[in-house]
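The structures considered in this document are given below.
Both complexes shown next keep subunit A, but they swap its partner, so subunit B is in the first and subunit C is in the second.
Then we have the complex of A and B:
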């Protein structure tokens, strides 16, 4: 299962990462590597756009939890946007919707960062 | 569906997508409400991922045998592996209030399925049986059209 990632860097140090495909055991390591690269560049904020992710499993959730922990440790923002119904349902089951900063649009997520 | 549908995949993560498609198609064909299907797909996927990771330690060429049946509103999945056995008492989801990576797969399975049994009473490997009562989850019983 291939996974695509598109990164958009803004001038103010905010990165928007669009992920496309299923995030499962076979692809979550790719997402993790990509996020780690962004963390290493010490971005001010990372906004992860999940509108093209139709499936996520526990390994994908774990990768995003790592991102959240990184942001807490580095006093930066890590925000999720445009969750598809399946992804939102998995977050609900895991009771993580209130743990992450989740937005309906990228514009809302980019406000105040 | 009173027949049993069987699928055998190698223990390679690249076949998880195929397994998900099979489960999705099977449940869609049998009139299961669309809201519950992704949750059942998730359970099968998580169970297979756990087998790849823990029973086979990432070895990609070992068999995972999956059988599905949907009879009188009961969906049953049996997943057989021939890898390392573990004590079912050790298979515990992490407490959900702990926000940390990992340990969620078993939590999802236990949360979504009605019955989860691990049987290691055999020479090799484990037989996992997961059941879900779908009465009331079939589109036809809810007056929905497909």
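Then we have the complex of A and C:
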């Protein structure tokens, strides 16, 4: 299954990334390349909208953890929004739901960044 | 999903032939946990080896996602096996590799993921089995229980759709058993993994299983929910579940009468 990514840059340097499709072993490298490109451009904050992701495996989660590492190293924000129930379950199994900043809506995620 | 039909397996030939699996049939459903129980020599390890393609069946079908494994050659079998995660009873870890390298091995062998992603994935799997921090240790430095948990971390490294667990909780302390049981349940119910557990541990099988199949001398003698097995009136099932030393399941595996054998020994 192919993966789609739509990036929306706001004036204040915040980027919202909408990912569409399954994030698994075959597609997580594509997501990583896209995210690395955003990291390199020194964004102020990245908000990843996962509402169109119906399945994520541990390689997908690991890719998002790299976002967390980027935000920690650069004192920036890396937030996740609109997790589908299945995706939420995978984060829970990986014990990472509380490690990330997770929001129910993009509006909430964009507050205070 | 795995559908098994009329599976037979025997070893030896002529009057030395022993039938170890006799008309085994089952459906292992997606997102469900099926435990296969039975005493030593009941055929449960044989069914596991047949399901992973380590043994060839004498007759019958093993259909994995619509494909009959018994009709596949080596290449076809290897393709099907990519869907499998296998937690071996002994752990089967590489002694020369660290824990991190052992868990990372399937990821390095079978994916194009970069090293940074793989190292995070390994840490995630180790956290799931409660052994984050043991990355640098070698198998010789681990307890038996830790080896089992690392083996589980490696079995799920590639996020398989089907996981076989060979005695996952044997030899573990009660807390570790609870951790492993919960993990098996979470993986099945939340990630829709098909779980097949071969076990002796009745309390664990009762706790985690959606369905339990009991084997005796290679035949299925019970197949149902944990409640159905608990309420079974079959004396063999009752004896096994209660762990009674006396009953229709003999402790001795010998087919020859003990007294007769002693009498016939040469002086």
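Keep in mind that, in the parts below, the second predicted complex is superposed on the first by the 113 of 113 C-alpha atoms of A that agree within 3 Å, B and C clash if a C-alpha of one lies under 4 Å from a C-alpha of the other, contacts with A are read in each partner's own complex, and residues count from 1 in each chain.
The rule we apply is simple: a residue touches a chain if its C-beta (ideal position, glycine included) is under 8 Å from a C-beta of that chain, and two chains touch if they have at least 3 such contacts.
This structure is a prediction, so every number in the text was calculated from the model and none was measured.
Chemist: Subunit B versus subunit C on the shared subunit A, clash or fit?
Modeler: clash
Chemist: Report for A:37: first if it touches subunit B alone, second if subunit C alone, otherwise both or neither.
Modeler: Neither partner.
Chemist: Let me test your reading of the model: by the given contact rule, A:57 touches which partner, first (subunit B), second (subunit C), both or neither?
Modeler: After superposition on chain A, A:57 lies in contact with both partners, subunit B and subunit C.
Chemist: After superposition on the shared chain, which partner residues are touched by A:22: those of subunit B (first), subunit C (second), both, or neither?
Modeler: It touches subunit B, and subunit C stays clear.
Chemist: Scan A:93 for contacts with subunit B and subunit C and give back first, second, both or neither.
Modeler: Both partners, subunit B and subunit C.
Chemist: Report for A:104: first if it touches subunit B alone, second if subunit C alone, otherwise both or neither.
Modeler: neither
Chemist: With the two complexes superposed on chain A, say which partner A:65 touches: subunit B (first), subunit C (second), both, or neither.
Modeler: Both partners, subunit B and subunit C.
Chemist: Could you pull out which residues of subunit A sit against subunit B in one structure and against subunit C in the other?
Modeler: Common to the two interfaces on subunit A: residues 24-25, 57-59, 61-63, 65-66, 86, 89-90, 93-96.
Chemist: For subunit C, which residues are in contact with subunit A within the complex?
Modeler: Subunit C reaches subunit A through residues 111-114, 116-118, 120-121, 124-125, 127-128, 158-159, 186-187, 190-191.
Chemist: Residues of subunit A touching subunit C in their complex?
Modeler: 24-25, 28-29, 32, 57-59, 61-63, 65-66, 86, 89-90, 92-96
Chemist: For subunit A, which residues count as touching subunit B in their complex?
Modeler: Answer in residue numbers: 1, 22, 24-26, 55, 57-59, 61-63, 65-66, 68-69, 85-86, 89-90, 93-96, 99.
Chemist: Could you pull out which subunit B residues touch subunit A in their complex?
Modeler: Against subunit A, the touching part of subunit B is residues 13-14, 16-17, 20, 38-39, 41-42, 45-46, 49, 52-53, 96-97, 99-105, 107-108, 111-112.
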